[in-house]
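There are two complexes below, and they share subunit A, which is joined by subunit B in the first and by subunit C in the second.
So, the complex of A and B:
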């Protein structure tokens, strides 16, 4: 087996889970954070010859804690690590071939040998979501979306395909773009805009400040999410919350699209209750002109997130169907209790 | 042509009568044309007619193969739904019957599996008998089917979130291929089962019983919700609402403000209040004769629909009937309901919707407009008014879509639920693979 070979060759240098995680995310732009975390943990198991259950669980716990500490925003990631840990424990507790009666090595082998499969499934769940979500994009409707969510992109592209290609496009997209971190790079989401335009979908790009102005011409709002929290709210890129508030105020349906592996066990009570530190509001008494005109640690909208509470969300489009926000807690309860 | 029962006015009663004598295909055509002509149009009548028809279809379908039975019911169901897509209860009943067949087939197969397991321990029947238990959790369409394809080990409910990590799929269904072709066919196909039809027929009869009892079951909750000296506002002549009010009226004194729902339902509404109810062919059982509300000493105030907002400030509670309830907690009810719900929201008056579970549809309302049906324009302006009819466009929408946030509580025969909880009842009643049959 390949894993045993790589084990011997790399035994010398200690396995760095943080580097692995970052490398995974970098190497595959299609990878989501939870999946990268699961992959990193699988690789960790490959590299550590633990053979007992408690040893493995202990190792996982320690590495997870380390990984979470080293990443500025571990919300999306923790969905993956939690899911992995629960899966392991649940499978071990369950009677059956992989349970305590069976061989621990069997489940280990299953996990190790199927790393690629998990990634593939995660990507496929996007197609599934796109299939469910297709019904939301109606003929003649205008969709407002934001950010660089891959799920939203695949949903819209699928809808564009269904409507019969360039000749018979019947929906339009208003894409909210936030400026890129450095001015030279193009804003996140441009790729989707281009892909949609190539399919003949008329796309308008607007800055975040024009959302309220544009909502009058919008029929539905579809956004992606980094994590879906227990009360059914979503943690998503900065700016989503205000779109949600505005959509509610204008009476437009607001749909969040997320794979079910992004459900995370977190119950934020408000914006400032997320377990991460974001220096978005940074009070100063002095003019901030220290280095250039770039204030240090500026909270940039592609790095920082906000929390959209469940009452703003009409429905969550997930790979297990179209859920109301309150259904999320049930899914989470199923894996934890 | 189907109608051999010309003596009766076509409707539910004549349909049920003819069902016994007519050949099955004639009956199907008959119901389709009745639905198309809107000669059966109440939710419950449609549900009852569908249930009785499916009862006939199943008993006439001489097969022991569950897959064939499902196919037959599906094809009949598709035709009925196509005949009147806005009558969502028809689809609901078909889905429930399909669910019944699947359940029975699986029970059957499970028992079968146990037997063979006991017989030959070492030799699994299918490759999947060896699979990881959680393997079945992959795939939304498959979850429930699969879980019973292996010996029952008293496992917890399938956990869809684990779908990502579970075992790879063997052979045919690569995770990538869309699994729209439900595997149940394969699964149920080779079950060398006994005749499951008897059990399915029993189940369909239970559904029919449920349709008969639903109003009384809902009415049992009336005393929890209607208190002494309250002022209740209601709308249309829904029998569910009437029974609900009558039940409370037996114990309590309260006032009912009844919006008359002109022009589609005002006559029936007047009748339910005054008791001059003419023979309503839609009501099946003979004992469903309504005592008028006033006979029980309730003060009833009949108002035109336009006065709803003005009176809302005095109202303690709004109780509404509905045409169908959708999976997101919204509902389709007779025109005018949304105005009432809106007015209630403005005055912070609780809105309670009474509805049988059979009206709860797993359909997600992607496009609200398509769910609204338009009716006879002559009810607004009669055609005798020729001059006027020539010059103006008269529309008479029969239904309203009421979004979930305007509703505070649903009372079904299972109890009271918040709108956000309805998805749960949907998943309890319908199987995922049947949602788009």
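So, the complex of A and C:
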């Protein structure tokens, strides 16, 4: 709490929230964007000597806006910052020792300790989801999945463990891999593939173009999500929407796996209604070879997202249970009011 | 007009027992011809019917009626008696059952029938069937029948015909405050129209009622004022059925009244109530509208073509807000007879500098072609997420959703939470409002020649909207009378046999056609309506 900084207005400057956020994400591969954002905000509060509630909220708001502006895709992140802000406000409004009447330092200490508790709980939610979702992976079934979602990976690994060791695994996985940004690196998700194979799960890797071909051999589709929006749709890495459409057309159940802290207060009406700028469709009349960078790299599928509307999703597997898409708004309203 | 709602009925299982009668009706509904209902009423006279059918060939085919055997004569006498009874019963229903609600169960029980298409269907059809069957034998009684006023209510909507709207203050109780008297007439004549406007006007009128109120001796304000208000409410509901928002506001007001401590001095209590009304209007409507307009305006982007239906004040506010934010978009207003609520909106928006296209609902397929978003107002949102709004809304929503070959057009509903209700609607038949059918009559073009023989017969089916031509006359053109110049072919529809006009006010849009509901508590999918309603009423 004690800090070397002199004035509160300058306090945020030396403490670079963006750098902290990026550093957190880099240091812990298990960390999701919303949690990293919350952790960065908690650190920010620890470093800033603000002494009143409104000052704290103001600081929080400013740094949140700054953070959102500096990250190319702030959807996942905003779920975390919104949640933390909401949590702060409700805590501060609560009557009693920790309410507006109480000693601000006590409130602060409480907030910080609770913030850490929150982060720990959020990290544990992945295990909870794995427990809920394990039942969806049945014996003899083939699961199609994509991307590098950690929660999907943990779900599948849990399911493999449950079946009683390498000799007893009775499900198979089709893993949709998209080529990595630079050709030398291995594609995202390869790590999960290796881990699953180590546990004795037969894994097939296919390119994105083979999804429709492979769906005939698939029983269920499980995907991860970057954010779950208010109408129950998901914002996820590019390519999820088309998997959803294909699964719907083929009548295969399509499950999205997401922690409940990824619920975002956002209501996109379609692909082009997301609050981020993505240069996916970039019309050109001539090939741009002036700078060495290939123009396609901007629209690489690990950087850009698409929106899967709720009617394509069979259910959302979250740490607060398995929800239908329409139940998401209920959950969100519960958090927000 | 029933068409857009039809898929609903077939697709949705009856979830509520309250609405059972409607689902029973649905087979009849799909075909609006009189035949099915006659079929349904046939079992009503179980034993006699086969007999009279036997009699049919003899009576119709043989002119020499004297040759009938005594047994046959007896049969016929019996049939006649049954017909007379049915007629009498029908008359009783028609005159005494003006209250309409009493209709269905009692009547169908008496008839021992299947409860075919609601009680009021009884008058016209069964007699007609009888008349045909018995041929010329009862010609005398048939002509006698013709003199009696034909029932002019559309069978499927029979339960909705209550008392006709009050159009004068004559006969209003002396308890009714002048402000309420005036308001009632304004609502009845659509001077005050629209769910929010009516809600606000009612609350303001009630504020004046409360100001003018003095508690009688021997009772307390919290007990007596509610009954005093009930008189006003009853009067208002005879002028026009109360809207959902009015109902919700009145409920809140009554709750507030009953929670006043009897020991509070009257002046204080009245001040509290007046404050309550002011803050209710501010919180639930004025500010709510601003919040909704701002958040809905965010969904409008440069280059959008916004389609809207009729004249929702909140949609108007949204569009103006977006325009003020400097967004460049076009508006296409779709309007309908007979209220033409979109005209005012078109003028306001055009005056504000927006590019406006105005068309009637007949031109929906063209108007929807280049639409990018649809904004709709609401009369109410039901707990199953369906939108209850001005008739025609469902058609617009469906056209947007089912637009062939195009990308889906999001349908956005702007609605204050005060319009949420815990009722559910499976179709637009069970709950609806029927306005005066005479509203459909005027505004006809002058003499119209659409076919060679009988201009009247041709003009009547050409009458476009509102399902007014439900029972379009299919009688021979010889019967059609030439229409006098300048008056509508439908002008004397009440005296035209077999012609019924239906002026229905609302319809129900299925939840699947609605993408988003913008409320002052945030944007929701239609499925979240009951949750928000629960929360907003508990707060």
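The working rule: the second predicted complex is superposed on the first by the 304 of 337 C-alpha atoms of A that agree within 3 Å, B and C clash if a C-alpha of one lies under 4 Å from a C-alpha of the other, contacts with A are read in each partner's own complex, and residues count from 1 in each chain.
Note that in this section contacts are C-beta pairs under 8 Å (C-beta built on N, C-alpha and C of every residue); 3 or more make two chains touch, one makes a residue touch a chain.
Treat the numbers as computed from the prediction; the structure is a model and nothing was measured.
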Which of subunit B and subunit C A:314 touches, first, second, both or neither: first
Touched partner set for A:230, first subunit B, second subunit C, both or neither: second
Touched partner set for A:267, first subunit B, second subunit C, both or neither: second
Which of subunit B and subunit C A:198 touches, first, second, both or neither: neither
Partner chain in contact with A:330 - subunit B first, subunit C second, else both or neither: both
Dominant toucher of subunit A (residue count), subunit B or subunit C: B
Contact residues common to both interfaces of subunit A (with subunit B and with subunit C): 326, 330
In the complex with subunit B, residue positions of subunit A that touch it: 35, 38, 83-84, 86-87, 90-91, 94-98, 110-111, 114, 117-118, 120-122, 124-125, 128, 131, 135-136, 138, 260-261, 263, 314-315, 319-327, 330-332, 334-335
Subunit A-facing residues of subunit C, complex: 299, 373, 407-408, 410, 412, 515-516, 521-525, 527-528, 531-532, 535
Residues on subunit A engaged by subunit C in the complex (per definition of touch): 230-232, 265, 267, 269-270, 273, 310, 326, 329-330, 333, 336-337
Subunit A contact footprint on subunit B (complex, rising order): 130, 132-134, 138, 140, 153, 155-157, 159-168, 175-176, 178, 327-329, 364, 366-367, 420-424, 432
